[in-house]
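Going in written order, the chains are labelled A, B and C, and every chain counts its residues from 1.
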């Protein structure tokens, strides 16, 4: 009997915790999302009226921020993939005895606070930084163009901040490839490009899927990069949810937006995993 | 002894082919240098500006000084925020590591009904955007009339750290050779002794790694903290609020200090691992 | 069924190849011709440069200096995919994400060959695994994977097929079976096979010509019988089978024979089997060429007397003796168990004899332990 009970006893405290502070809040959030203000009540007082129209209102009102969130997150994910893949490949196959050292180097920048680095980017790309004057002198950007408070800065910040989430799973996956299969491909008349397309990429697919998910999900819900590096014109859905909570105290709309975001991500992720043809997560 | 052919002249490789190989080998090196430069620019910037004789706003370089490093609490709010972050981080690490390790052992070492559901429950918090986690937890606290603050933040951090602990420890358990435990039992160790003397020491590096990960996740978290901490300041929160009007150089000192501390821990960890492997 | 070998373009010629990794010379000034249509083995211990040589032929490494020609064509710096050469990799390197069919079709598709199906099915029949076409490599046993790796290479009808320790991962019984099959397939398809191995038995079973490699150089090249009967160096004598090497000096000539003095006892050996450069030699005799006799039995040929049986091990087909000689060396003797004579006992005083033609002579300044894993003290009592 004891043997059968052991796993459940081990699970109990942790799952009780997760149930109380993860499942219950989500259920409560769902419940909040259909509430309406109490007639004649104070700000922040709501009652349950099962008003599903909240979702439609919230979506229509913020569709611009929604699409911006997904477009920015998508661009940042693709950029991170393009930067990380050669890096992960080089560490896995070309680094030799420096492999571990280079992996530490990939993670090391993330030991300084995420916010400090984002603020650093703001200052580097800002008017007082060295990048903008240099680019202006070289005539690459016009004297009136700025880099901060732009979509470019937001996407760049997101790409930067989520880079290790992309690099590490990619590395893990590429490192598992037997280098002899790549040699075999060359031996069987495939040139470097074909070898990549037919052997390396398919074999590293689990890493690509894990990395893109680990980058895309937090990027889509992020609002810190947009808040620090962007302008009112680059607001993402995260910024809207935050301000609904703290500035407007409109809990139902914030809840409905959170749920829409979650559902949208879940649907996109499911389609993506189906397309990528792997059920192997994380 | 082999007979060398001495009469034939030694054929050499054409220059063009040599250059192509050289280029192929070094292109990837150039790329790595560029990629790492990109990764380290903000770190270097933060570090450099920790020496800025800046006064209030640390935006423009005004001269070199060691004052900020000598007196990191010169901007008092910075140190209060840092102390809170460390307290929250330690508490979150302890609880999430204990709870997460137990779950990891249950899932990694036992077959039971509901195992795949358990895996899903572990995966879900990681797949949920932080803003949804933070917002939903705040809503719950509000329903129960609990004011956001120190302990709600600890609870929130434990919640999102558990999954990462489970995944890390589970990976370590999965890489263990089950024959080691069988060998221990064969050598007269009962279940508890086997766990104590064989399993736990072998999984320990995984647990240590998970604890470090939990601490760094907690320490660096902003979004969930922002929702649940109320008036309690943490280091990321301080930076976020200060970003608009300029961050004191002391924050750069703390950020750089954390960087070198974490780097030292990781390098020491690798060193210990290598020593043990010998 | 037969394969068209017309794509073969003549002999493979390596000219003064050196491959350096930093200060280390993996291959040192190697010159070698591998004739078209032969089954050629590169044999040597790990680290001798045989795999590096193979990889340079395949195009996976480039020589530091030297050239590689296939017939008239210089292929020294061409890419692997530009060479009509295919490899059966160590541990096979099958593509784990592709089916067996697609693994075999890989090379054909890259070259834009039209009738992929027919070619793949033909080669699957040749290796007798047509029913596995739809499986993935991980679902196959080691022996099956080995055959698929072979099929994937030969379906391209390369001018040259390279085999890198192809049987290393198989168990002994399967290895024996595959040795015979490989030899058969080589005859069937008529391709040049270059086989790299550290297993002397495998090389001797399959190859027409063996090149024994040591420290980046070729020690000796020849047919299996030549190498075994007439090794030129202590390394070859010890690496291919076992040898008893006894220190001695040349004391005279007798027609086609040399008379040598081994610790005061005279023996003779054929001149053409002497590789000595001066009077100092090591006389070499294979253990199975020795005969043991009790002191009062008459014997012919070369005789070394004064031995004592030190140890007896019965191994079924033969009995292995260690005989202690007066000068302190222990000689190894294999006696066939085919004459119904009771084996000798430990402590028996015996003479050792053999036919003079079975003797070879090595230079006297050789390291007699080269190429052997035997404890140096046993042989080297100098």
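Criterion: a contact is a pair of C-beta atoms (placed from the backbone, for glycine too) under 8 Å apart; a residue touches a chain by one contact, two chains touch by 3 or more.
Computed from a predicted structure; not experimentally measured.
In this view the innermost chain, defined by its CA centroid being closest to the centroid of all protein CA atoms, is B. Just to note, of B-C and A-C, the chains joined by more C-beta pairs in contact are A-C. Here the spacing of chain A and chain B, counted between their Cα centres, is 17 Å. As a whole-number value, the distance joining the C-alpha centres of chain B and chain C reads 53 Å. With centres set at the average Cα position, the gap from chain A to chain C is 58 Å.
Within the complex formed with chain A, the chain B residues making contact are 28, 31-32, 35-36, 38-43, 45-46, 49, 59-60, 99-100, 102-103, 105-107, 109-110, 112, 118, 121, 123-133, 135-140, 142-143, 155-156, 158-159, 162, 166-167, 216, 219-220, 222-223, 226-227, 235-236, 239-240, 243, 247, 251-252, 255-256, 258-259, 261-263, 266-267, 270. Those residues of chain C that touch chain B in the shared complex are 15-16, 18, 29, 31, 62-67, 76-77, 217-219, 233, 363.
Every residue of chain C that touches chain A in the complex is listed here, in rising order: 58-60, 79-81, 85-87, 89-91, 93-97, 106-107, 110-111, 152-153, 156.
Those residues of chain B lying in contact with chain C across their complex are 1-2, 4-5, 8-14, 17, 21. Contact residues on chain A toward chain B in their complex (touch as defined above): 4, 6-8, 10-11, 13-15, 17-18, 21-26, 28-29, 32, 83, 86-87, 90, 94, 100, 102, 104-124, 126, 128, 160, 163, 213, 217-218, 220-224, 227-228, 238, 241-242, 245, 251, 254-255, 258-259, 261-262, 265-266, 269, 281-282.
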